[in-house]
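Supplied in structure tokens, the structure appears directly below.
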Amino acid sequence: MVSRWFLRALVAGYLLMLVAWPVSLVATNAFTNGLDAMVMVFTDPGVVHALQLTVLVAGIAVVINTVFGVAMSMFLVRYEFPGKRLLSALLDLPLAVSPVVVGLALVLVYGGRDGWFGPFLESLGIRVIFSTPGLVMATAFVALPLVIREVVPVLTEIGTDQEQAAKSLGASSAQTFWRITLPAIKWAVIYGVVLSTARSLGEFGAVKVVSGNVLGETRTATLAVEELYLNFDQAGANAIAFGLAMVSVLCIVVVGALRPRHRI
Amino acid sequence: MTWAPTRPETPPADLEQRPLPRGRPLLQTNLTTASGIGLGVAMIWFSMLVLIPLCAVLITASEGGWGAFWSTVTHPQTFAAIRLTLLSAAAVTLVNVVMGTLIAWVLVRDRFWGKGALEVLIDLPFALPTLVAGLVLLSLYGKDSPVGLELAYTPASVFLAFLFVTLPFVVRMVQPVLEELEVEVEEAAASLGASRATTFRRVILPALVPAITAGAALSFARGVGEYGSLVLLSGNLPYRSEVASVRILGSIENDNLAGAASVAALLLVISLAVIVVLDAMQRRVADRG
Amino acid sequence: MSIDVRGVNKRFGGFVALDDVNVSIPTGQLTALLGPSGGGKSTLLRIIAGLESADSGSIEIEGTDATQLPPQRRNVGFVFQHYAVFKHLTVARNVSFGMEIRKRPRAEITQRVDELLSLVHLSQFADRLPSQLSGGQRQRMALARALAVQPTVLLLDEPFGALDAKVRKELREWLRRLHDEVQVTTVFVTHDQEEAMEVADEIVVINHGRVEQVGSPDDLYDRPANEFVMSFLGEATTLGGTLFRPHDIEVATSPLAVGGIEGTISRIQRVGFWVRLTVLTDDGEAVAVEMTRSHARELGLAHGQTVWLSPVPRAARVSIAV
């Protein structure tokens, strides 16, 4: 009994000092000057543009990652092919790579001046680095495994019985996927999408490298926070930070509440 | 009662035997034409996005030869940054192994009011933008810290930032394994005479080791590569609180891509090692099923 | 008596799992705790093992009061329905676990593990992981593991419940032979009356947290104490307000027997060597009757025919409580 209370207190105390207290301070700091700082920041055209860009970039990256993730999960679970194990391990790589390395890697290949493919793409009029496509790629890179990691276990778990039943009843592969498989993995996909969204909205390091931080063009929300902070506009930085934090907290709480917690 | 079992009289018929897993023929596949094309498209995207760029880092790093690579990473300021990064990441990983396992234990085995809130707190560092994480930590451990712990701009700030962003990894790896561990197994150990401590050490812990290792590997990798959460917190003071990723960014900003690639290659090798460990551990978790 | 259970009560919230249970389990015997699911038999077994504590009452094992002892110190072997194997340990290490805890000398452990593995026919699997074994093999390993610590009593909770019918049948015959070899006091829980009848020396029937009857399989089948035991241990049918076994009812085609009850055959069903009749009596009872096929042929029974029913002499019978 004593040890149980000790453990509870230890865990609660640790999480309080590391997460709960600091996060709540950002929330209160954001409102210290009333709503003024909030209103001022969120009506600033530069900030508004940064937020729009963030939403656009994150939106595209999440769509790409979701389609890629679900398809890749299907290949990994439902098919056999040479190199599958290697591929499955490599797909986890973005989890382990530094965002700054991600940014650098993209610059080395797609940089307009001396990247591997960059000059060729620029000659076609496609600019990747210091532009929106670069931001999308950096964001898609860092969030790549999230959908896959959620979907693969569920797909493995449900097995192929239902799919075979559907096929025996005359459903085509596409029909089987849309009517049987997708509904079965729905929650895993949603959870993966929410995690990807949170991660994409908040990506900083990789985006910073590929953005060049061109004011009003490639400045995303997190880059705007950094800039405000470095310009001693702590209230403004806190206000956007609070906004971003709210979005991610909301994501987690909503999905945590919606997700059916059935154990196998 | 006698305890000298005699020879078996009749073997029970239940000798059906699962064959040991054997290697598949190398080129076996059940891909259809359509799914093959789909996989091809996915692979092209994956290569363009991840594989080719990461190869570019390794190739760029090796272009100047071993000497150039070596002199870059042993440059005193760079070396100090790498050392701080690795030491902090290792220390954080140790803390996570202990605290993460404890937290997972409490979340799975204990019931109390407010447990749901703790679950949210665990996920928060993963979802929170890393830069915001830095601001968050500054609010409690920065200038005018309300608890009198001013860690900003010290090497300890690096440790703190790593600790925050890596919080979920061990917990989230261990939790499902712990949930699937039947209470019966512990009861079996108890009825065989094992104390609670012995049961934990000899039955529960070994079952958790692959998950803990996988979580530790991820948390080490995340720490080694971390940038966003500490850029504002640590102040990036050379020889004191500057980490490897900040050094890389500095080189990029000075247009020294080759130098940046050298340090990046070092981090990348660590990432690859982590992925190998992760893959092996996840397989061990799955195999025991 | 090896295990003495006295006045044990156990509640889970509002649910009464055990209601003043008194049972004595004899030394060296194979005893079955038989009853329907949720009747409290597993709870009783777990209380004997110390995995659950009784709200009141006492447990004595081989003359020692074990009521307050933790499971570690009761020296019982426990086998779980779902095996509860230690997945990270090889088969041999699973079996040696208890002896390692007791710090037995290395040589003794090795020798005993070898003996036990050959006893449960798993010698060739000593170095495998449990995940490489079938269900039946895992359960035999769990049994060896429980026996390794030389327990005073061996307790098995639905040991074959998770196995398929064929393996189940083989393993229970094997358990009987194993018990005859090692002679340890054994208690096993089952909801399968056939399993209990076939394997056990003595059966304790438990229902709704109470002991309904204790006795040998023959006792229980031939002299059931009440309606529940009668119908749980085999088929039963009512005839004139009394329960009988369907094969204990005699059919006559003419009203010869005094006190025969008149009825009409509403259904004839042939199952292999047996013929089952349903006879509707004038009182509105649907009586099930079983007889051999040749006997039915002799009588020349047909659908719709009027017959007279009476119990055979010395039939097992229980009057139905009103």
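For clarity, chains are labelled A, B and C in written order, and residue numbers in each chain start from 1.
By definition in this document, a residue touches a chain if its C-beta (ideal position, glycine included) is under 8 Å from a C-beta of that chain, and two chains touch if they have at least 3 such contacts.
Being a predicted model, the structure only gives us computed values, none of them experimental.
S.K.: Any idea which chain sits dead centre by C-alpha averages?
M.R.: B
S.K.: What pair of chains is linked by the most C-beta contacts?
M.R.: By contact count, the leading interface is A-B.
S.K.: Average the CA atoms of each chain to get its centre, and name the chain whose centre is farthest from that of chain A.
M.R.: C
S.K.: In angstrom, rounded to a whole number, how far apart do the mean CA points of chain A and chain B lie?
M.R.: 18
S.K.: Can you give the whole-Å distance between the Cα centres of chain A and chain C?
M.R.: Distance between chain centres: 57 Å.
S.K.: Approximately how many whole Å separate the CA-defined centres of chain B and chain C?
M.R.: Averaging C-alpha atoms per chain gives centres 50 Å apart.
S.K.: Please output the residues of chain B touching chain A within their complex, sorted ascending.
M.R.: 24, 26-31, 34-35, 38-39, 42-43, 45-46, 49-54, 56-57, 60, 99, 102-103, 105-106, 110, 112, 116, 118-132, 135-137, 139-141, 146-147, 163-164, 167, 179, 217-218, 221-222, 224-228, 231-232, 244-246, 248-249, 252, 257, 260-261, 264, 267-268, 270-272, 274-276, 278-279
S.K.: If we count contacts the way the header does, which residues on chain A are in touch with chain B in the complex?
M.R.: Residues in contact with chain B: 4, 7-8, 10-12, 14-15, 17-23, 25-26, 29, 64, 68, 71-72, 74-75, 79-82, 85, 87-111, 114, 116, 137, 140-141, 144, 173, 195, 198-199, 201-205, 208-209, 221-222, 225-226, 229, 237-238, 241, 244-245, 248-249, 251-253, 256, 263.
S.K.: Show me the residue ranges of chain C that touch chain B in the complex, using the header's touch definition.
M.R.: 28, 49-51, 70-78, 80, 82, 84-89, 97-98, 101-102, 115-116, 118-119, 121, 129, 131-134, 136-137, 140, 142, 145-146, 148-150, 166-167, 170-171, 174, 177, 181-184
S.K.: Provide the residue numbers of chain B that touch chain C in the complex, in ascending order.
M.R.: The touching residues are 1-18, 20, 182, 184-185, 187-195, 198, 202-203, 206-207, 209, 287-289.
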